[in-house]
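Several structures are given next for inspection.
Across the two complexes that follow, chain A remains constant while its partner is chain B and subsequently chain C.
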Partner chain A sequence: MPDDRELLDTRNSDQLLGDRFPGMAATEESVLAISTEHLDGDDVLARKPLGFLFWFALGWVALVFLAAVFANVIHLQSPNFQNYSALNQGPSAAHWLGTDDLGRDLLARLVFGSRVSLIVGFAAVAIGLVVGGTAGLISGYKGGRLDIALNAGSFIILAFPAIVAVIAIVTFWGASLLHITIILGIGTIPLMFRVVRASSLSFAQRDFVVAAKTMGATDTRVVLREILPNVIPVMVTFSLITVAGVIVIEGTLAFLGLSVNLPTPSWGNLINEGTSNGALSTDPYIMMWPALAMFMLLWSINLIGDRLRQRFDIREGVL
Partner chain B sequence: MIGRRQHRPLEFKDVGSGDGPLLVVEDLHTSFRTARGTVRAVDGVSFEVHEGKTLGIVGESGSGKTVLSRSIMGLLPPRDVIRSGTVHFGGHELTAMDEAHLREVWGAELSMIFQDPMTALNPVKRIGVQIAESLILHLEMDKKEARSTAVELLRSVGIPSPEQRVQWYPFQLSGGMRQRVMIAIALACAPRLVLADEPTTGLDVTVQAQILDLLADLQRERHMAVILVTHDLGVVASRADDIIVMYAGQVVERAPTRTLFHDTKMPYTRALMDSIPRLADPSGARLDAIAGRPPDLIHPPTGCRFAPRCHYAQDKCRESEPPLRTVGSPDHLFACWFPLVDGVSTAPAVPVTVGRTAGAGAVGPDAPTGTTGDDPATGDDPATGDTRDPGTER
Partner chain C sequence: MAKYLLRRFLQLIVVTFVISVLTFLLVHLLPGDPTEQLLGANDTAANRAILLKQLGLNLPIWHQYLIWLNAAFHGNLGTSYLDHESVAHIIITGFPVDLELIIISQVIAFAVAIPLALVTSRKPNRPLDNISTTGTFGLLALPPFVVAPILVAVFAVGLGWFPATGYTPFTQSPATNIHEMILPSVAITAGSIAVYYRLLRSDLISTLQQDFITMARSKGLSTRRIMWRHAFRPSSFSLLAAAGINIGALIAGTFVVELLFVLPGIGYALVQAVEQRDYLVVQGIALVVAVAYVILQFVVDFVFTIVDPRVVRE
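Right, the complex of A and B next:
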């Protein structure tokens, strides 16, 4: 067996080394132990720790998620209950984050407001990923007229001034959570399409794709089994970054009064409330908490995306 | 296009064993349409491969070897590629098959080993999975069976501790190991013909030998035919039964390996042999490289395509294209007007640097030519008395 020869060669050279420089040679037993019981490559993937920051970021995202999901279960006040005996209060035992100028509990409003941001952020990107990602995979692999047509379509969507489109659609349809999600989802389709297409294109002519074909794989199989696994890391990273971007856009829309209607809280309109009517000078907490929460969430999502990219990028992972 | 087998499987097993060649390539042409013009990458290639035999295809970069092998497989993209001629494999005409049928031949009966093991494995899939896929696809194994077969295949290509290594990703393996995995994948479904496209180019010399020996062993065990495409005559010298030498998209010499090396007819083949460095040469000896580059395949030179680089080129060589012909033994074909005899050219001794005289280009192929007019330069073939009309162009 030729490879046993390779292993033997290492051992022999170690012995030679040992003859000349006693103490430097690995013993035969230890080399054999390495070669049979513990293969060096087995734990390559486990080597690089993700680090404290990653877990901190993940913890924050998880906390925001759990709070949003279980907002009705955990003992929170109603976000719209107005307590006129506690207006513009700072943090206290009764109101952990304080109250606003109508005496509403800021923690409750913050938690309920996160639902809008999270739903819009993740659902819109899911739409973009399913539609744009699928189109991008096929377009990049197939090329030809289909690719040209889909490309042109993506440019048309990209070229349309987004904020004008949103204002127009919200005016006609009304600003519900569903509408905002769909609009922003359509907005992310060309972004996802372009990124996935570029990545798919770069793998479409690789030898391993041709090799898979020579083994009898169909186009569908090639796209799903050969190209998709290579594109997924890019998809995940870019999706997370886009989620962060969509959350910001939703916040901007809410700040402009174009997202879900008051009194339903969202982080964007909470910030808006916190800055209107001079509230910034009388009660900065109103604006500070949602801004801080959003900042933390965006930072966490970006960091997670980045670390996952490093982790899953196998070529980089080796270094 | 989803699904495994929508077509009636082609019955290859009962065709062509023993009688007739396994692969017959006839007058295969493959051209690419480009902005500059049509590139004739493969220009009228014919050959046969018999069951269990090895055919070496040799030529320098740009001679059309890789396009030839992909063209035989039917792997070239449909757009801007013109292919004519026929390829019969096991009695079936590959050139007439649609892709759905080709997919049943690919991998199962006819497979390919790629040049660069670094890029021919999917970097994000475990090697075991990559081997098992075609087993599940073609041999309809279940996952467990495919997995244990993958382990056996890894063992058979000489990978130590295959039980653990099936779990590895390609980046965890060295180049030689990866090429072994490639071979395992290509041979997984026991194909009858393997096209190895420069299988050792990406590897260092010691590993090259190991890989080629491994391939030869497996070939003997499984009675496969192998087409070994390489630029290195040294690689095929001891391993191929027959050798085809390609130049500028055409076959210029074809012979059983021994004959080719002992009775080289074509100066190009000779030049390829001379360009292999020899250990016996004194240190500092200049390597006898072939001057110039392969011709432009959009506007190939008239006459013999090797003429512009040939030491022995005559006016006749520049004017009319030599046919692929035989002399003596019927299985030794070559395309040269002035073939070598015992390593010496039969061309009249014209200094290479002299070139053509003023009027030479205008005269016909049978006119006295060149600066040394006293030689019977053209007309009858001086070496052999070949009966064909020397002016025949193909």
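Right, the complex of A and C next:
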């Protein structure tokens, strides 16, 4: 990550996200409890190889994905099957990661539990990307009153502390996978909007866009063929960071017992199960595996996002 | 400057208004007839109409909103239907716990991040810098609900250095209180350290390339003086702003550790209320926390314009 090019500019994230002030610009990410991770381009001239860690991280994400998708196909025990002759066991040949206090197989629960994190994380960001990204593209390109209104609207939504809003809505609406995905999806719309808008805005005045317009290209064509391809790298990297943030919020909800209902396993409520009723002293494995898996997943997604950002060289005048 | 603050203030008013409307509407989204809940399903329609009138539920919704808002302004957010404790009281008693958690965690975060950034930014891309940058990147992947149980397993259950649960008010026994609060505070610190370190490091690296630093060096000033007085000071503003924003993430963190360590804070009350379907408590806490958060952002902005007037010009 560290790189000499970083010396050149460190203010990019501010210009990208903010017409507020230095440092404040990172609002979006922080709302989702991620980071004030800088979106500054690191290497302009030298294209560093992505590196071993990148492939390792990608491998982990791919593994989690495949396991979640094929959980029913691969030979796993049922995540809710209770084997009373094998309670609180450590890792063994029969139960690779051990069993919990009800004799349920921890590997099966871990694998099935990943589904909730992945579905919520990626689906919510997909909602944000489609709605917020589209609005951002148009808003940044067109400008004018629409832009001002949408911009103000995004600030209002972002002013809420995310976790409180989500808890309140889930309480009154009911916690289900669909509801949580929709709520968090709506929460990511203003994030995506602001990032895509800033990027789109910066390209809207560029020579190649003006040239396209001069040649008589329609607005639709300009947005789709000239601006969108340039904005995609920003979208991808920022989406990844946001996915990590959404997974954290869902995990927090699940830990608090406010996400998807039991007995459906999710990493958040698995960690919770591993900490309640003295399980930490009797069988720390219950908590440890999902905690480790969650750490690895978040780390991997963040790392992939970070490396792609360097690769795509997201800096330009834009950002 | 006045214009900028005025604009921010108007924004504050609008946001607060939207928050109040949304939290008010939450309760009205609830399915079911409240009179049926209170009187039972078999009561007469006439009795229901009377109760409806008594509760003010026959009024148009905007009127109900104004009544509710007026009460909220006077500190009346309703009472818990479980123990008839007033919501305002629940919030006031819980608040010091959250505040203490946040203060301790921020002190730790600054105490770690600032010296580390001051050291590593002087020699970027050396081993020490690489290690801390990679390390703090890992901290970003450690949300409180992941790291808190691990801390309990290691330092409370395993080593027995800290209690796993329990809360003693500070006024009763400061030493015990701090001892109990350290583990939960540390648990919500990881993200803050990463955010502050990364921000400050990249800020410092760019500041250190400025002419006035070269100037200070050539005057023969000590490195320590250059780092603190010349380099750190301009960067401290963005650090302040980041801290302001970071509060949003910290709120989520305090909820998690309050549940895990059984600390009687607002988050604990909120989770209890959600589980008991104690709707007015949920509504009240959501309103107060959201408004407090928004006001805090405004205050940070305000302080910011004083310490760094450049903001207004942007």
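In this section, the second predicted complex is superposed on the first by the 264 of 319 C-alpha atoms of A that agree within 3 Å, B and C clash if a C-alpha of one lies under 4 Å from a C-alpha of the other, contacts with A are read in each partner's own complex, and residues count from 1 in each chain.
Here is the rule we use: a residue touches a chain if its C-beta (ideal position, glycine included) is under 8 Å from a C-beta of that chain, and two chains touch if they have at least 3 such contacts.
Model, not experiment: these values are computed from the prediction.
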item	value
Touching partner for A:Pro91 - first (chain B), second (chain C), both, neither	neither
Chain B versus chain C as contact partner of A:Phe255, first or second or both or neither	second
Dominant contact partner of chain A by residue count, chain C or chain B	C
Which superposed partner A:Gly216 touches (first chain B, second chain C, both, neither)	first
On chain A, the residue positions that both chain B and chain C contact, one per complex	1-4, 7, 35-36
Chain B partner contacts - residues on chain A that touch it in the complex	1-4, 7, 35-36, 39, 41-42, 44, 144, 206-208, 210-220, 225-226, 229-230, 232, 314-315, 318
Chain A-touching residues of chain C, taken from the complex the two chains share	11, 14-15, 18-19, 23, 26-27, 29-30, 124-125, 129-130, 133-134, 137-138, 140-147, 149-150, 152-153, 157, 164, 191, 194-195, 198-199, 202-203, 205-206, 209, 237-242, 244-249, 251-253, 255-256, 259-260, 270-271, 274-275, 277, 279, 282-283, 285-286, 289-290, 293-294, 297, 301, 304, 308, 310-311, 314
Complex interface listing, chain A residues touching chain C	1-4, 6-11, 19-24, 26-27, 30-31, 33-38, 40, 152, 155-156, 159-165, 167-173, 244, 248-249, 251-252, 255-258, 268, 271-272, 274-275, 280-281, 284, 287-288, 291, 294-299, 302-303, 306
Contact set on chain B toward chain A in their complex	1-3, 73, 75, 79, 103-108, 111-112, 114-116, 119-125, 133-134, 137-138, 158-161, 164-165, 167-169, 171-173, 177, 180, 182, 185-186, 188, 210, 213-214
